[in-house]
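Provided herewith is a single structure, encoded as structure tokens, for subsequent inquiry.
Which chain is which? They are A, B, C, D, E, F, G, H, I and J, in the order written, and residues in each are numbered from 1.
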Amino acid sequence: MSRLAVTEKIVATKVAKGLKWSDVAAKVGLSKEWVTAACLGQMTLTAEQAGVVAEIFGLTADEKKWLMVVPYKGSLPTSVPTDPLIYRFYELVSVYGTTFKELIHEEFGDGIMSAIDFKMDLQREPDPKGDRVSITMSGKFLPYKTY
Amino acid sequence: MSRLAVTEKIVATKVAKGLKWSDVAAKVGLSKEWVTAACLGQMTLTAEQAGVVAEIFGLTADEKKWLMVVPYKGSLPTSVPTDPLIYRFYELVSVYGTTFKELIHEEFGDGIMSAIDFKMDLQREPDPKGDRVSITMSGKFLPYKTY
Amino acid sequence: MSRLAVTEKIVATKVAKGLKWSDVAAKVGLSKEWVTAACLGQMTLTAEQAGVVAEIFGLTADEKKWLMVVPYKGSLPTSVPTDPLIYRFYELVSVYGTTFKELIHEEFGDGIMSAIDFKMDLQREPDPKGDRVSITMSGKFLPYKTY
Amino acid sequence: MSRLAVTEKIVATKVAKGLKWSDVAAKVGLSKEWVTAACLGQMTLTAEQAGVVAEIFGLTADEKKWLMVVPYKGSLPTSVPTDPLIYRFYELVSVYGTTFKELIHEEFGDGIMSAIDFKMDLQREPDPKGDRVSITMSGKFLPYKTY
Amino acid sequence: MSRLAVTEKIVATKVAKGLKWSDVAAKVGLSKEWVTAACLGQMTLTAEQAGVVAEIFGLTADEKKWLMVVPYKGSLPTSVPTDPLIYRFYELVSVYGTTFKELIHEEFGDGIMSAIDFKMDLQREPDPKGDRVSITMSGKFLPYKTY
Amino acid sequence: MSRLAVTEKIVATKVAKGLKWSDVAAKVGLSKEWVTAACLGQMTLTAEQAGVVAEIFGLTADEKKWLMVVPYKGSLPTSVPTDPLIYRFYELVSVYGTTFKELIHEEFGDGIMSAIDFKMDLQREPDPKGDRVSITMSGKFLPYKTY
Amino acid sequence: MSRLAVTEKIVATKVAKGLKWSDVAAKVGLSKEWVTAACLGQMTLTAEQAGVVAEIFGLTADEKKWLMVVPYKGSLPTSVPTDPLIYRFYELVSVYGTTFKELIHEEFGDGIMSAIDFKMDLQREPDPKGDRVSITMSGKFLPYKTY
Amino acid sequence: MSRLAVTEKIVATKVAKGLKWSDVAAKVGLSKEWVTAACLGQMTLTAEQAGVVAEIFGLTADEKKWLMVVPYKGSLPTSVPTDPLIYRFYELVSVYGTTFKELIHEEFGDGIMSAIDFKMDLQREPDPKGDRVSITMSGKFLPYKTY
Amino acid sequence: MSRLAVTEKIVATKVAKGLKWSDVAAKVGLSKEWVTAACLGQMTLTAEQAGVVAEIFGLTADEKKWLMVVPYKGSLPTSVPTDPLIYRFYELVSVYGTTFKELIHEEFGDGIMSAIDFKMDLQREPDPKGDRVSITMSGKFLPYKTY
Amino acid sequence: MSRLAVTEKIVATKVAKGLKWSDVAAKVGLSKEWVTAACLGQMTLTAEQAGVVAEIFGLTADEKKWLMVVPYKGSLPTSVPTDPLIYRFYELVSVYGTTFKELIHEEFGDGIMSAIDFKMDLQREPDPKGDRVSITMSGKFLPYKTY
């Protein structure tokens, strides 16, 4: 047994039962973004959160324990993603990467936006010319320091 | 001469003159996100926009013309970026890529968030525990269709 | 169970029963291009379409559900394909890639041809010097916009 | 001097003089698709064709000779293209590659579509929901033979 | 079941029974080069040829059908082969690749040697200083054409 | 100065003067295959051979000396070649690699075909259905030995 | 001009003048670890720090400005380093990577050691069996949070 | 059975029983750093050490023997790690690699820090601004010698 | 069944029975270097040698036959090895590769050291400052010839 | 100026003057193996050694100083070498890598052969069946220790 096996069981159960991530998140009591990442094997759950998830997906006691172990993160099979939806995000990094860098440094100086102390919100943005995906990311700025 | 040479001249001039992207953007009259990307060789300017940029950075008439030619896009030297700031965005794609995919499909069905009909806003988010980088992305949802 | 397992079952059943994609497509009532891509795990079917496919290939109720889930797309095992037929298309991208780029930009300006709002038709073109493969691709032009 | 240097001079001259590939093609008397590929260093010109191109772009006698030498083909800097327009074609190969393969084999048997005995036509397809890029490819089918 | 599984069964049976490819080829009635490639999953057999092969290797009816399906070609696990015998051929491409290119273009003009309309003969060449491997390859020349 | 620089001078001179490799080979007194490889920086010439080549291509005394130094071999810019002509040879290795291996081992036992004690002859093979490229390779078989 | 050019000038001057990084650091008034990284193009200097460095290495006013611009970080030419000293650190990550992960998570829970809020001290550790390199790294622990 | 299988059993047992590496290390009587690496398949245990580990994790006699065999080392699935915690160490090598090199050579001359005659200590460093991870590495300096 | 499966059985049996390669080699009657390579799936055994190995490791009749079939050679999972012991040999090629090349060419002219007609002897070299590994390699020089 | 530039000057001078590495080594008073590696930019020379080399190759005072600086090691342009002579050594690592590992561990236990405390001797071994290259490597065994 491994975290990967638990993730595959969760996904297969979701397909078989026709569950929705937003409903799972509501039962866990946290954002759909974090809960989905956790169910997909990228985050660590508390005992209580793991209990909720285990019940929803019919996990055994041992499978539930894997949800509480810090996983080896990284959810994609190749370094350049082949899935068109995910590739578009990679493309944004490729095309706008130096723009992110210039503007953050202009505003904050040398440092990074944390990908750990980070949260994200994904919404549908109605638009007469075609609805839009709206994603708001918020990460703490961490400055480099001299020593 | 090539677009790359023009980009390098713009960046070198920016360092020598101590310019700021937000000031350049204000003179061009567009968002700092788009203007920075354009100056870094990722977008195509109109004659008028190119004229403003050419004057700011002291470009020749031929260099200005390159700003109006669609560039070969992609701003990073390696497929996995080594710069820590840019890597954090790549890490977000790696860790959250399948989460983006699941949640967008749950909300919209099969399709992608356009990286072309797309806009972005980057702001400082004051926070007593340390200021945060806030990025809002908005891209049109494009559905796959049967035929 | 996973979409990959369903795809493999479909392909194995096709070999065992000697089915043809064009017949499958006729039963589904859509183009052979889209239906083949869907059966090979690249597109998402509606309940009705999935029902037809499930019956043809003898899928279980759970296997049928996977056809209705958005798959992780990308159908090739390596980034440069080794199969000679598929490589020829990669070669076209390699040799003609900058030509596509120049001519589309000359005609439309900066933007892309959508690979999502896209359709394709593949036909045999009789020719006394040897029949030809004729492929017509049609994708919506998506312009980059300033903001 | 090399073919690459000649290509770069052609492209730089095109930018400086504001030429269009379709006009160049008209003067050469061939399709814009083939002429653009040739000017971008992917095809070999006859003495007459090279003479026309050399005059348009102000090439020297030695530079003109390079147009008549078979080039080392391949126009992209990385095996997975970073430019969004060109990537979409790569994505088509990735997503539809096995579909191309299945349908061509179903129609023709084992073999390939030639990328050599090949022609291509790229047109604007007016559409009220947004104009489309239409590309028709025609390549001779080459069967594998036993021996 | 898949073509790969059939290939592995053929190879395992060959080892267990101590068969020789040249004998298999004689029974099929074609060259040992083509028959070996076919048995190793690179070529497509007719019903009759598949019947002979199926009998020799004890294949089931379903396994035999896979021999008649066009396979996903490519027989090596890595893009640069590690096996010393096969690497020597890769080395020939690496060292002599530009020589092949120059001499074929000098003789034929722009185009390629077909790897599809192609045949090959491999023989032992007795030599007092050590026997030699002699390989004769013959592929149709396919010229690029203007259009 | 380096061997690469000498190779580039040879190639540029060949284009400028319109020379043919077969004529160069005739003056050197060896096969066109070996002489072309040598001029392209893959083989080492004797003083006499280098003298002939130096005169043909107008090399200086120091440039001539580089022809007599063993080069760092390998003539292609990427591990999977992008040029269609050269790729076809790579494809032959990919598709027929295991066939080469099986047939050579069946005939000779464990060992390799030498790529060093090796010669090659490339000819035009007239054929009413389209002329063919014929390549005969002959390499010494080198057996693995126990010790 | 670019930061890379400034770094190369600093390194060449250091060789020509026989300077030591520890002396440079003493003049800058910071640790040798940070100052060396900064001079090698990985950190951003204040105007004052840049002034000291510029004087030591004879930089022009424009070169000095580059020291104050946030650089594109990453100091190695390949993703797996070839230099034996640097490779040993990569080897530590390869061999001990999962150990780092297990022990930090056991002590702190899910999160990372910051490579930004980070400092390092490198010392000679005298030892009769051969002196040792002692490196102390200290990075802030950053926990993942739910949201 | 293989060392990998034994490692997976150890990790799965640790999750199921809720063990801690520091407790395992205390029973083995060695540092937690070394014992964790050993349990994760990177080090070789003596019979006595293996006996303790086998008892803790319920290994069979044959599984215990694998702990005493030198393993094929390397604990990460990709050459650039995707896990954020482990990536930060890779980032340190990328950003500080040349700094390590310069400072060690300045102090010791040409040579390396051994990754074999090496020890490591990982501690929590309490800090009011957020606790820190403190890692002390100590490796023997090995000089290159002339011969 | 495959050669890989036989190799894994041999290695697992060696661990379970506590065998030594030097003892296996003594029973086979050949050097430990060659016999170890053969047992690890890199060399081909005669019927007699395979009989000895099969008895030692308890192989079945079919498993024994695989030892007599020429294997697909190459024993490492990645092109740059992660195991520290094996990496040191790769490092020697990386650091000393051009030295090998220069000195062999200075002594022998253009050609290679055969890796086929090759033998190797590995010994412990006692040394008061720490015992040494001594490896003597002897490979036939194969000259390139003109033709 | 850089070490690479100095290496290229040394090599170009060697070709122009027709020098031999063994003569250079004799003047330096060390083995030809070490001196060649040093001249090729892989080792660090003392002032005295650098003086001898500088005189032989006509280096300036600044160029000579680069010989005394520890270089960034690694002498090959690709991770899998294309040069046939050097590839054979890489092939030995690929084919015999696990054999090296097994035999060294059987003799010495867990640890490595040092590539730093290492020496090498390369000789011609006369043999009536063709002279052989004989290479003797001697590296200190470094054991892993517990802590």
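One rule holds in what follows: contacts are C-beta pairs under 8 Å (C-beta built on N, C-alpha and C of every residue); 3 or more make two chains touch, one makes a residue touch a chain.
Note that the coordinates shown come from a computational prediction; the quantities given were computed from them, not determined experimentally.
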{"item": "Chain labels contacting chain D and also chain G", "value": "A, B"}
{"item": "Centroid distance [mean C-alpha coordinates] between chain D and chain B, Å", "value": "29"}
{"item": "Separation of chain H from chain J, taking each centre as the mean of its C-alpha atoms, in whole Å", "value": "31"}
{"item": "Centroid distance [mean C-alpha coordinates] between chain E and chain A, Å", "value": "46"}
{"item": "In chain J, residues with contacts to at least two other chains", "value": "33, 72-74, 76, 79-84, 91, 94-95, 98, 101, 105, 111-112, 114-116, 142"}
{"item": "Overall pattern in which the protein chains touch one another (line/ring/star/complete/other)", "value": "other"}
{"item": "All touching chain pairs, where touch follows the definition stated at the start", "value": "A-B, A-C, A-D, A-G, A-H, B-C, B-D, B-G, B-H, C-D, C-E, C-F, D-E, D-F, E-F, E-I, E-J, F-I, F-J, G-H, G-I, G-J, H-I, H-J, I-J"}
{"item": "Complex contacts: residues of chain G adjacent to chain J", "value": "8, 11-12, 15-16, 18, 78, 80-84"}
{"item": "Footprint of chain B on chain H - complex, ascending", "value": "80, 82, 84, 87, 91, 94-95"}
{"item": "Touch list for chain H against partner chain I, complex", "value": "1-2, 62, 65-66, 69, 72-74, 76, 79, 115-116"}
{"item": "Partner chain F, residues of chain E touching it in the complex", "value": "20-22, 32-33, 36-37, 40, 42, 73-76, 79-81, 83-86, 88-108, 111-115, 117-118, 120, 122, 124-125, 127, 129-142"}
{"item": "Interface residues, chain B side, partner chain C - complex", "value": "30-31, 33-34, 43-44, 49, 70, 72, 98, 101, 105, 109-112, 114, 116-117, 119, 142-147"}
